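All chains are identified by letter, namely A, B, C, D, E and F, in their written order; residue positions are counted from 1 within each chain.
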Amino acid sequence: MAQVLWQNLTAAELRDRAGRGAIVLLPVASTEQHGPHLATGVDDVLCSEVCRRAALKLAGQNAPVVVAPTIGIGLAEHHMAFGGSLTLTLPTYHALLRDLCGSILRAGFSRILIVNGHGGNMSALNALMVELTRELKAPIATTSYWLLADEAFAEILEDQQSVLHACEAETSMMMAVRPDLVDVAELPNALGPQASGAGSVLSPPLHRWRSFQEFAPTGVIGDARRSSADKGERLLEAASSALADQLALGKPWN
Amino acid sequence: MAQVLWQNLTAAELRDRAGRGAIVLLPVASTEQHGPHLATGVDDVLCSEVCRRAALKLAGQNAPVVVAPTIGIGLAEHHMAFGGSLTLTLPTYHALLRDLCGSILRAGFSRILIVNGHGGNMSALNALMVELTRELKAPIATTSYWLLADEAFAEILEDQQSVLHACEAETSMMMAVRPDLVDVAELPNALGPQASGAGSVLSPPLHRWRSFQEFAPTGVIGDARRSSADKGERLLEAASSALADQLALGKPWN
Amino acid sequence: MAQVLWQNLTAAELRDRAGRGAIVLLPVASTEQHGPHLATGVDDVLCSEVCRRAALKLAGQNAPVVVAPTIGIGLAEHHMAFGGSLTLTLPTYHALLRDLCGSILRAGFSRILIVNGHGGNMSALNALMVELTRELKAPIATTSYWLLADEAFAEILEDQQSVLHACEAETSMMMAVRPDLVDVAELPNALGPQASGAGSVLSPPLHRWRSFQEFAPTGVIGDARRSSADKGERLLEAASSALADQLALGKPWN
Amino acid sequence: MAQVLWQNLTAAELRDRAGRGAIVLLPVASTEQHGPHLATGVDDVLCSEVCRRAALKLAGQNAPVVVAPTIGIGLAEHHMAFGGSLTLTLPTYHALLRDLCGSILRAGFSRILIVNGHGGNMSALNALMVELTRELKAPIATTSYWLLADEAFAEILEDQQSVLHACEAETSMMMAVRPDLVDVAELPNALGPQASGAGSVLSPPLHRWRSFQEFAPTGVIGDARRSSADKGERLLEAASSALADQLALGKPWN
Amino acid sequence: MAQVLWQNLTAAELRDRAGRGAIVLLPVASTEQHGPHLATGVDDVLCSEVCRRAALKLAGQNAPVVVAPTIGIGLAEHHMAFGGSLTLTLPTYHALLRDLCGSILRAGFSRILIVNGHGGNMSALNALMVELTRELKAPIATTSYWLLADEAFAEILEDQQSVLHACEAETSMMMAVRPDLVDVAELPNALGPQASGAGSVLSPPLHRWRSFQEFAPTGVIGDARRSSADKGERLLEAASSALADQLALGKPWN
Amino acid sequence: MAQVLWQNLTAAELRDRAGRGAIVLLPVASTEQHGPHLATGVDDVLCSEVCRRAALKLAGQNAPVVVAPTIGIGLAEHHMAFGGSLTLTLPTYHALLRDLCGSILRAGFSRILIVNGHGGNMSALNALMVELTRELKAPIATTSYWLLADEAFAEILEDQQSVLHACEAETSMMMAVRPDLVDVAELPNALGPQASGAGSVLSPPLHRWRSFQEFAPTGVIGDARRSSADKGERLLEAASSALADQLALGKPWN
């Protein structure tokens, strides 16, 4: 099977791929509490997996592509009160993305898509696209992995509409790829407030900053009790297919 | 009528209001192209007006309130290609909000609501709430003036659902408060792509940064041709009432 | 009458003015305590008014000119102890001026004059001219509105030589343009230490930083008791005429 | 076997470990060219592996320990000319380490050891220890994984004394843990200048900054031709044992 | 004679002096072109000398005092076009003064007077006093060495009123203390525009930034032709006496 | 004798030297505790002296050279607990070196060698070379004055191998050039832990940051009791000759 991970390629292979105009997917995630039943590395595992699958699909169509090393730490101030969580400040996150995207450009690539796997990064990524594009003079792009497959996600999930937090969606996908990081004994406790989307809880139209713990003491938004590996597999396929399809069409650069 | 504008109050009056626990509304806007028919100061005019009206409604209920001086410059990189537009970088915007909110806190106030009047500021404000709250150790809050009255806006408008850009909503409100800044002769040209919201055009699920000019060469999203002062007056009342009502209920701090 | 305010012009009008080589006046002020009798927005009102008048005089001579939106917040740490005052730190002020002047240059203008209306900004503006000129590679200029008309000011004023703080000069000018923001009942208390200039009190040859409150507990330097709208009108005309005259001669860029 | 990786633990498990006074190992590496025969992710793989092994040894002695997520990007400006390499600037690296160590402290841990796996990070880490300790008021410590086992390394290696770059040591260790990332067909080309240590080539007593390519065009310092998985296994055991032994003795905090 | 220079004292002696409440004079100068006849180090030599003399006078009265190492580089952008000149940017200057004053405070001293010897530093020092006082929470003070003795200077000088640049005053003082750094053969060329003060040339009421070379191509403001060591000696005594006298009176901290 | 110090040359002389391709030596030192017997300015005195001697040797061979003003303050956090010490933070040090080297380049020079005289600066200088070279696009070089003459130093010294701190080497050199700054009465107390090099005490393979006071309460590493001016003279000649010889060979730029 094709090798798509930057860190698994030699410099010569990466030079070659840059020379062929490869797209670079840069997964960005977070390391933070994920309820009583999931390891803190969920966002890293899932975002990396979606990117890997999307890249393999593209590679299978002979589209040159590389997946850069996942940035496993993101913006998770709202989870800090739970312990076990890591966060960057916004200026650090900006600097980190600038240096990384700048390095990728210097390595000869020209199309970078930051693929996000953590709700708490979304606003910042939207705001930082402007800065990065101006600073680096390159068309940096972004998405969050569940956004392109929202209809498929709504169909697959039984108790939710979309990805929430430590929820039916995340738990199912973890069961599919890293079942060792799901503590099924804790599943009965793996539920919290329901919501149409994590954003509607964290950033309603009028809001002050609030700790996640204030509105979701279990560390969960949604209901993970009916999670399954099968759902997870279908979710991962839906997300990675949707992403690969868009990229195969030349989006978002054409 | 009660005086609610910070800059129109003496220091003694402001000390008194701080002592009574007043809420501070901090309007943040932008100075940027607004199509062929509107002056560049639209966001400043409208956001200031909504805050003024909301504050007067609260003052009429004996709720202590102050409207801080409007920050008339925001994040408008996507409008720069049109000329006539001013923008800050994200780090400058962060520093400016930190210093201003910090000053308001030092003046004895403890509840600050940043009321936004420019779509391009929204993601940044969401991201900066986290930083400001941690840096200043105070519950800074935010909203965008059209978000709380979305149903009323949808009802009043004929050709749109919500506020877009230099559109039926903005043009109507300008006709109501500053008709001298609306060039009605240009109204026939005041239309551009339609959208469910400005964000869906500027930040679709998968996007690279794009200049506004690339997808809306007229500088307009929406259709301003059927704008009217009457619609504008109703929109301003809807927005300011919705805001005042929420604040009167103690939101978003309770 | 000619429209000279940036925020009241459309993008097309501003592009046109840039194409004609217009000078941009950028008023910078402060929002801070102004004694017992004046609103905190005095510097913003007066600096904006001097710029507006000067620009109209130039426009009347067919000289293209624009007045950018006033920066209403400046460096007022020395007033913070009074409450009701807002201040920026020097690095924020630097960043703000850099971004704003940079935007004006990107909008096609090449001559920017920062017109200052607050004593506490003067040293910083002198120091920042160096930085801005090097950073932006453009001949940014500065003045404080009372400096060019010092002889006329000395003649018009009865109890002072120049602009001090919340004094005969500022109070008179406010009476001329915003009498609603002067509390005449407080005029008998509107006096403080006399000085040849505000700088001689705040920055004597050997000085440590001191709060304004330490040497002027009323918040006034000078004596506002014999202020009048007539004096104010003459002061505003003297300042704006002196500025317009210098600019009409091509200064300070020739 | 004990779980020692932060990202594989739940928040509750991490809170528990913090409460028991666990040491946190923070592996820091680099993603950069590693000669014709090795993938760019070598430093990440090896540094993570040494930390994992050391932590398991400690856990086996009932010493509480956690391995934080590896920072896979470091300071690799000298490798950029080869392509396939990623680098941060020093201020970004400083900010990243400050935020990460700060997060670990906020999560309740008090002893952090940054375990380095990339020669190019060493000077910066020495310099940054001072800053981080002062900024975070916590005794941040550092080592590079090969330093504590230098005698054992010298004994195991046949053609080198210590870890160089893409060399006998690194290639052997990769053969032990990720043989899929070693291209044995390229081994005959996997040699470059010999040196007593990588530092003596990169930072001789009198030096200007030089690209790695200038003195080692193959991307290798040392000679990888006689690498073997067996040597690699012994090197990894020597490094991780030496680290675990020191930590078991309470160093470097006692 | 008493030892007053920080760098010539042992740590124990400095701890003792801090314990006795010593004032610290921090000389700040510049290294920059000084006309055809003077070395570039003039400001450093003279400012250090005035501080040394003032400190010895105070020490002679048993007032504890220390002169910190002179900061020999300042803000000299306006001299850069001549070559031979060194300059800092304002943010660097700010950081340098903050770290140095912070160190002096940590060494146990509480009263710091920054004694300036370069006209180009004056505005920045005025602006930075505000920042340093707030950041360090300590009453940092400043003066420029010629300001306190302006009447004496006017009397001693024949062709000038005050210190200009590479002028009668500076040349005379250099003749008194470092005659080896005065090229008397060039004295006939050592003249430039006259002015009441250097500031009136560099920062007139309405000004854009200008290179010194633009208005003083010889690198001189004033007229150095009638300089003499005797005048220089008197100037140095006047300046240092005036400074010592003010400090002996407890100014500017009482 | 040739004049080699920047601050003792006129701008015209410096322009001339730049035109002839002169090397610029930039001495960087520290002001910090140096045991009971030495003044705090030791590193400045010695580093300046080595550079001066090396430059005179080069000038004697008609090689154009200039010694820039010594940066007398460096990175000395580990000495702060003793009092009498000054330190910069790493970001300030970076900014200072960037501005200074940038100024030297703007003055027409192209080869800059930072000559270090303080152990605590070494790691930072190694790390900053990368940044400065990239930022300034110029081949900035560095050395520490004792590194090039290590064999000669080992031979001259009786109780040490190399330069430690306030030790036989530093004390002897001070006796040679500034005997007035050596308190011989304190020599019997001038000893501390022995070490092969200062780095091995301050930065062993596994270390946390520690105050110098923690492992060397006397403020000395090494043994200064058998110091002598004769040894000092030989050390200074060895160091400056070694440096001049390397530079005469075109190193490190060829």
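The criterion applied here is as follows: contacts are C-beta pairs under 8 Å (C-beta built on N, C-alpha and C of every residue); 3 or more make two chains touch, one makes a residue touch a chain.
From a predicted model like this one, the values you see are computed outputs, not experimental measurements.
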item	value
Labels of chains that are neighbours to chain B and to chain F	none
Copy pair chain C, chain E: interface residue numbering same or different (half cut)	same
Most distant chain from chain D, judged by the mean position of its C-alpha atoms	C
Matching chain pair for D-F (criterion: over half of the contact pairs shared, by residue number), options E-F, A-B or A-D	A-B
Centre-of-Cα separation between chain E and chain B, whole angstrom	50
Inter-chain centre distance, chain B versus chain C - centres from mean C-alpha coordinates, in Å	27
Overlap residues in chain F, where contacts from two or more other chains coincide	89, 91
Chain-level touch network, classified as line, ring, star, complete or other	ring
Chains in cyclic order, anchored at chain D, direction fixed by chain F	D, F, E, C, B, A
In the complex with chain A, residue positions of chain B that touch it	75, 77-78, 89-91, 94, 113, 122-124, 126-134, 139-144, 147-148, 150, 203-209, 243, 246, 251-253
Chain A - residues contacting chain D, complex	5-15, 18, 31-41, 44-45, 68-69, 72-73, 80, 82-89, 91-92, 95-96, 98-100, 103-104, 106-108, 180-181, 183, 219
